[in-house]
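Shared chain: subunit A. Partners: subunit B in the first complex, subunit C in the second.
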Partner chain A sequence: MPAGEAPAAPAASPPVARARTDRWAWVGSPLALLPLLLVATVAIVLLVASGLHNFGGSFWSTRYNFLPGDPAGSSWGIGAFVAGTAITAGLALVLATALSLALSISIVVYLPSLPSRVLTILTNLLAGIPSVVYGIWGFVVLAPYFGFTLEPGLRDVLGWLPGFGGPASEIGPYGILLAVFILTIMIIPLTTALMRDALRSVPHDLIDAGLALGATRWEVARRVRMRTARLGIGSAILLGFGRAVGESVAVAMVIGAVPRLPLSLYSASTSQASFIFYQLDSAFFYPFLLRFLVEIALVLLAIALIVNLAAQRLTRTEIATATTVGGAGGP
Partner chain B sequence: MNDSLTGTAPRGSRRRSFSAGVAVGLAVVLLIVGVGAGFAVGKYYGNSTTTAASGSCSTTISETGSSLIYPYLQILSPNYTAQNPGICLSPQSTGSGTGISSAESGVVDIGGTDAYLLPSTAAQYNLINVPIAISAQLVVYNLPGISQHLNINGTIAAMIYQGTITKWNDPLIVAANPGVSLPSNTIVPIHRSDGSGDTFMWSSLCYMSWAGWKQGYGTTISWPVGPGATGNAGMVTTLASTQYGIAYIGISYLSEIKSTAGLQYGALGDQNANYNGSVSSGGAGQQNYIMPTPQNISQDANLALANLQPPSVAISLILGGVPGATNLQLGKGGTNSTATYTTPYPDTNLEYTLISLEPKSTAHQKWVVNFLEWALTYGGTYAAKANFLPLTAEVIGYDMLALNAVPVSA
Partner chain C sequence: MALASGVAGPANGADLLTSTGRLRRRLVFDRVIGWALLAAFLVVLFPLFDMLYWVSAKALPTLTWGTLTQNQVGTGGGLYPMIVGTFVLIGIATAISTAIGVVAGFYTSEYAPAPVARVARIAGNLLAGVPAIVLGYFGYFLLVIYTGWGFTALAGGITLGIFMTPYIYRTTDVALTNVPPAQREAALAMGSRRGQYLVRVAFPIAIPTILTGIFFAMALGLGEAAPILYTAGFSSTPITSLMSPTGSLAVAIWQFYDFPSTYGSFLALAFQAAFLSIVIVLVLNVAVQLLSDRYRRRLRGLYQ
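Right after this comes the complex of A and B.
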C-alpha cells in the first residue's frame, strides 16, 4: 500500500509552455496536499472508529479468544496476527531477495541481450497478474499438492531443521508454507525490477575501473555493482516487504486463517490483512469484533507507512550518494 | 531549477499567483471531499430504495446478504419477473452480516441471512424474519478403512472441537458406535476460517450439547484446536487431504462429499441430555442417531415450529428448537416430546430474509411482500437447483401469517 506519490509539481519545462505550467501550478501544487490529507483522514477515521478501546498491555499479547456472546470475557491480543504477518512476509522476502538478486544480476551482467530482454519482459508480465489469481491458483491447484505430497515429504527429509518438523497434525493443504510460496512469487517481479534498475544505474567508470584492475565479472558484480547499488537493493527489499505485508486476498485464500502462533511451517496461521478480509462480514454481527478489526488495520497502516517511508529514505540517500561521485564506491 | 530557465517573472506576482493557486486548489480539494461525502451520505441515508427503472423494470426489489441464499434468489429472479412483468429482483451476494446491517439501515428491501435476527433486535429495527429455505450441517470425516455412517452426537462433537476428545477410539465414540472397530489415531477437527452460517449452526450444536463448551456460538468463534479452511469447498479439500480429520459441511455439498474418495458423513444424535450436567462415562444419554435425509431435516423444521407463536418466525432449529428462541439455551432438551416428528435431524437451520414492518413506501413494499409470497408458493420447485430443501407446508403457513403483518398499499 504505497502512499500515493504527489502529483507532479511544476518541474523544469521549456519557456514556451510557461503560461500553461503556471496555470497548472494554481491547481496542481495544492492538489499535492490531497494524498497527505487522505492518509491523515484514514488514520483519524480508524482511530475514532476503534476508540483505542483495546490498546494496552494485553493488546500486544498473542492470546486471541473471541467469544461472540461475551465481549468482556474475550481476549483481544494482536500478537498472533502480527507474528503471522511478519513470518509470512519475512520468509517470502528472504526467498524473493535471494531469487531476484540472482535473477537481476543474470539479466544485467551475464545474459546476452536477447534472453536478458525476454527475461525482463517475463518478469514484468508476472508483475501484472492480480494477486487473487495467484490466490485461487494456490487454493485450487497447489493446496492439495502441498497437503498430500510436499509437506509430508519435507517433514520426513528436513524434519530435523527448526520449523520443518513439528507434529504431523499440523500438516494440511492451507498454511504458512503455501502462503510464503504465493507471496514469494508475487513479490519477485517487483523486487527484480527495482534491483535490476539499481544494478544498471551503477556508473560505467566504476565497472570499467574494476575490470581494468583484473577483477572477474563476478567480482565486479559483487564488489562494485552490488556495493554501489546497495541502497537501491535495500529499498527494493523494503518495498517488496511492504507489498507482502499488505496482501490480503491471496494470503487469506491459502493460509488457513487460524489466529494462533504457528507450531511449524506447515501450521495454519493468519495475517493481519487476511484476517480482516475474512472476518469483516461477521463483524457486522458483533460490533466489538469490528472495533478489533479496525485496530488491526491501524497497526497495519502504521507498519505500511514506516516501511514505505524507510524505502523512500533509502532511495533519497542513494540519489544523494550517487551525485557525490566516488563516495559510492565504498572503501 | 525552474528559475534559471524562466526566471523573468517578478517575485511579487509570483507569490500572489501562488497564494491564489493555493486557494483554488483547496477549493478543488474541498469540492472533491464534499462530493464524496455527499455521495456517501446519500448512499447510506438516502430515502430512495426504488432504483430508477432500468430496461423493462418499473420496480426493482433490492436484496443483499447471505452468499448461501444468493444462488437460490438468482434462480427465482427471472422466473418471478416472467410472471410479474416490470417487477425485478436484484440480489447481491455480500454475506449475512452485511445483509443484516443493510436491512437495519434500510438501504435494501430484503436482507438475506443464515442466522436469524434475534426477535429483540428485530423489534428494535422493525424487521421481521421470513424463512425461505432449509439447510442442514453434515458431520463428515476421513477415516481410512471405515466406510459406514458413524454415530456422532453434539456432546462428542463439542468435546472433539474443544480438544477434550483427541482419539478416534475414545470411549464415548466407541460407545456410540457398537461393533465398529475405531482406530487409535488422533482426530484433526477442521473448522471454517471465514465467517459463516455453517459455523453458526455447528457452534450452536456444540454450545447446546455440552456444559464444558467454552467458546460460545456465532458466525465466527475462536476454535481452540485444529486447522481452518475457507468455504465449504475448502472444507472438502482440506478434509480429503487430512486423514483422521473431521469437519462440518453444509448439506448443499453432499454430492461433492459423496464423490470425494475417503470422505463419509455421519448420523447426529438427537439428545442434548447433558447440557447442564456432567458427561457420564457411559456416553451422552439415550440417543437416537438421525441421518440427514430430506425427510428428517423437514421433520426438525416442523418440530421446532410446532409450538411457535407468530408473527416473528425466528427460531433455533438446533436440536429441535423451541418457541420464541430469544436465546439458544432455551433449545435444550425435549426433542422427542412430539410424537408426530420422531426423527428430526438435529443440526438444521432456516435461511432467512429480513423485511421492514415500517417501509418508507407501502406501495413499494407491496411488491416486496408479493415477491416473498410468490417465492414461498412456487419456490419449492426451484429449491433443488440451489441445493436447498423446499420449505415444509407448516413453515410456509407461518411465513404467510408473518407477512400479513407488513403494511402494504395498492
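Right after this comes the complex of A and C.
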C-alpha cells in the first residue's frame, strides 16, 4: 500500500449533510476511542495485579534470588532485566539501523524498478514469518554456528574490545549475541519499510536541484534525502526499538534464560519480555513471584509507550506504514 | 546500474571514463557505494532463505497426512488439534478486530472532529506499540482469572483480537482518508449523505487496502504465541467448545522445541508446526497480493 504518499490527516470534514441517520458516527465514536480505553485498562489491570507494593527499596537491584518455598528469603530487583532488554534491543537497533539505511537507499536511489520491487517483496516476506519460527530456527540451526564458530572467532580477533572478550555462555551456544542477531533480522523489515517511505517522500524539487548542481546520486542521497527525511528516519528507528523491546518468544528461545546481568556478549542472560513470557507458568504456584513478573511487565509497558509516543511526536505524518509492512508486497 | 528514476544519468552526463581528478573520484565512489549497499541484502535474504530451507528440510521428511488429521499422542502423532485451534482463534480474533477496526476507521476518517481524530489515531498507534506479552498478561488477569473462565479459546481469541485491532483500524482509516477528494465532493454534490458516501463510494474504493490490513493482521496474529499462551492455554486434543482450552500452531512450537534429543519426535512436531504456519502466512500473502491487484486494476481510472 503506497501509504507513504498519503496526504496529511484531513481537516475536520465540512458540516455537509449531517443527517439524522449517521449511524456510523453513532457506533463508531465509542469504537474509535476503544484503543485509548484499552491502553489505559491494560495499565490499570497490571497495576492492580502487581499489588502496588514492591516498588521501592531494592526495586532496581540487579540481583535475582528466587527461593520457591521461601517468600521472605527471596529477593530480587528489576535491574538485570531492564539491562538485558536495553542491551539486546539497543545492539539490534544499531545493526538494524545501518542495514535498513543501506537497504532503503539501495531500493529508493540505486536499483532499477524490477529488482527494487522484488527485493521489497522479499523483505516484506521476512516480516510475515512468525516470531516463534525465528526462535526455533535460531535455537536449532543458528546456535551451533554461533557457539562453535562465530563467537570463538570474534573472541580471537576482537577480544580486546570490552564485551567481546568475556566468557562463553555456560549453557550451550545460547546468549546475548544470538538474541541480538535474531532481533536484528526481525525488525529490519519494519525499519526498512519506514525509512524507504521517508526517503521517498522527499520533495522532487530538492533532489532535482541537487542533481542539477552536479551532485552524484550518493551525494544527493546522503545530503538531501537523508537530511530532509531525518525525522522520518528517527521515527523508524524508535519504532524498531519498540518492536525489539517487546519481542518475547523468539528471544526467550535463544537468549539462554539466565536472570542476571550479562557477563559478555556471548553469555546467557535475559530480557524483560522473554522472562515474563516463560516464567508465568511457574508463577501460577507462587503469588509473590507473579507480582514481580507483573512489575516487570509494567516497566516494559512504560518503556514501550514512551518510545512509541516519542516516535509519533517525531513525525506528525501518518505512521501507518509501520502497521502495514509485509501486507502489501509492492514498493 | 541504471538510475531508478528517469532523471539524468550519474552526475548529469559527466562521464566516468573521460572525467579526471576530483570529479572522477566522486563518480567512482558513487558506483562503489551503490554496489556496497547491495551487500546489506545478503544479511536479509540469507536468513529468509535459510529459514525457509531448514524449516522445510526438517519438517517435510516426517510430514504425512496424519500430521494434519491426527491428535498429538505422547511425543508423536499429528497437529490436528493445533491446526483447528489456530483457525478458531484467528477466526474469533479477526471477527472482533475487523468489526472494531473498520467501524472505528469509518468514524475517524469521516466524522470525527479534528482533535478527536488526532487523539484516536495516536491511541491506535499506541495500542499497536503495546508488547504482545503485556497484552497476554492483561488477557490472563482479566479474561482467565477475573472472569473465572480459566484458559479458554474465547479468552485467547479476544486477546488476539485486541492485538490485531490497531493494524486494521489504521489501514481502514488511511485507506478511506486517501480516497480522492473528488469522489467525496461528487457524491455529496449529488445529494448523498455521508453514510451513503462511505458505504457506496469510499468503502469499495478502499477495500483492497483494508483487506491488505486485515490479512496482514491475521498473519501477525498467526505467529504470535505471547498473547495466547496464557489465555487459550494449550491442549493436545481438539477443541470441544469456545470455553475450553485449545492448542495452536504458534504455542505448539513453543511447547515442543526444547526437549532433549531422546524426545526427537517432539522437535519434529515443532518443525512441522513451523512449516504449517509459514505455509498459511505465505498463502495469506499471495491471496492479499492477488486480491488487491485485481481491485487496483478495476479502480485504476479513479486515481488519474
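Operating definition for what follows: the second predicted complex is superposed on the first by the 289 of 331 C-alpha atoms of A that agree within 3 Å, B and C clash if a C-alpha of one lies under 4 Å from a C-alpha of the other, contacts with A are read in each partner's own complex, and residues count from 1 in each chain.
Throughout what follows, a contact is a pair of C-beta atoms (placed from the backbone, for glycine too) under 8 Å apart; a residue touches a chain by one contact, two chains touch by 3 or more.
All values reported here derive from a predicted model rather than from experimental measurement.
If we overlay the two complexes on their shared chain A, which of subunit B and subunit C does A:Phe285 touch? Say first, second, both or neither.
Touch partner of A:Phe285: subunit B, not subunit C.
Go through the superposed model and pick first if A:Phe81 touches only subunit B, second if only subunit C, both, or neither.
neither
Check whether A:Met253 is in contact with subunit B, with subunit C, with both or with neither, and answer first, second, both or neither.
A:Met253 sits against subunit B and subunit C alike.
With both complexes superposed on chain A, which partner does A:Phe241 reach: first (subunit B), second (subunit C), both or neither?
neither
Between subunit B (first) and subunit C (second), which does A:Thr123 come into contact with in this model arrangement: first, second, both, or neither?
A:Thr123 sits against subunit C, while subunit B stays out of touch.
According to the stated criteria, A:Leu31 is in contact with first (subunit B), second (subunit C), both, or neither; which is it?
In the superposed model, A:Leu31 contacts both subunit B and subunit C.
Considering only touches as defined above, state whether A:Arg217 meets subunit B (first), subunit C (second), both or neither.
After superposing on A, A:Arg217 lies in contact with subunit C but is clear of subunit B.
If you stack the two complexes on chain A, which partner ends up touching A:Pro68: first (subunit B), second (subunit C), both, or neither?
Only subunit B; A:Pro68 stays clear of subunit C.
Given the superposition on chain A, which partner contacts more residues in subunit A: subunit B or subunit C?
Counted on subunit A, the partner with more touching residues turns out to be C.
Per the contact definition in the header, classify A:Pro112: touching subunit B only (first), subunit C only (second), both, or neither.
A:Pro112: touches subunit C, not subunit B.
Output the subunit A positions appearing in both contact lists, the one against subunit B and the one against subunit C.
10-13, 18, 22, 25, 27-29, 31, 33-34, 139, 253, 280-281
Going by the contact rule at the top, pick out the subunit A residues touching subunit B in the complex.
10-15, 18, 22, 25-31, 33-34, 37, 64-70, 74, 139, 143-144, 147-148, 169-170, 172-175, 252-253, 256-259, 267-268, 270, 278-286, 289
Name, in rising order, each residue of subunit B that touches subunit A in their complex.
Residue list for subunit B touching subunit A: 1-2, 5-6, 17-18, 20-22, 24-26, 28-29, 32-33, 94-98, 100-101, 115, 186, 188, 190, 193-196, 214-223, 226-230, 234, 237-238, 240-242.
Quick one: in the complex, what on subunit A touches subunit C?
Result: residues 1, 3, 6-7, 9-13, 16-19, 21-25, 27-29, 31-36, 38-39, 41-42, 45-46, 48-49, 99, 102-103, 105-106, 108-113, 116, 119, 122-126, 128-137, 139-141, 185, 188-189, 192, 207-208, 211-212, 214-219, 239, 242, 245-249, 253, 273, 276-277, 280-281, 293-294, 297, 300-301, 304-305, 307-309, 312, 318-320, 322-329 of subunit A touch subunit C.
Which bits of subunit C are touching subunit A when the two form their complex?
Subunit C residues touching subunit A: 1-4, 7-8, 10-12, 14, 26-27, 29-30, 33-34, 36-41, 43-45, 47-48, 50-51, 54-55, 58, 100, 103-114, 116-138, 140-142, 162, 165-167, 169-171, 173-175, 177-178, 188, 191-195, 198, 209, 212-213, 215-216, 219, 222-226, 229-230, 250, 253-254, 257-258, 267, 270-271, 274, 277-278, 281-282, 284-285, 288-289, 292.
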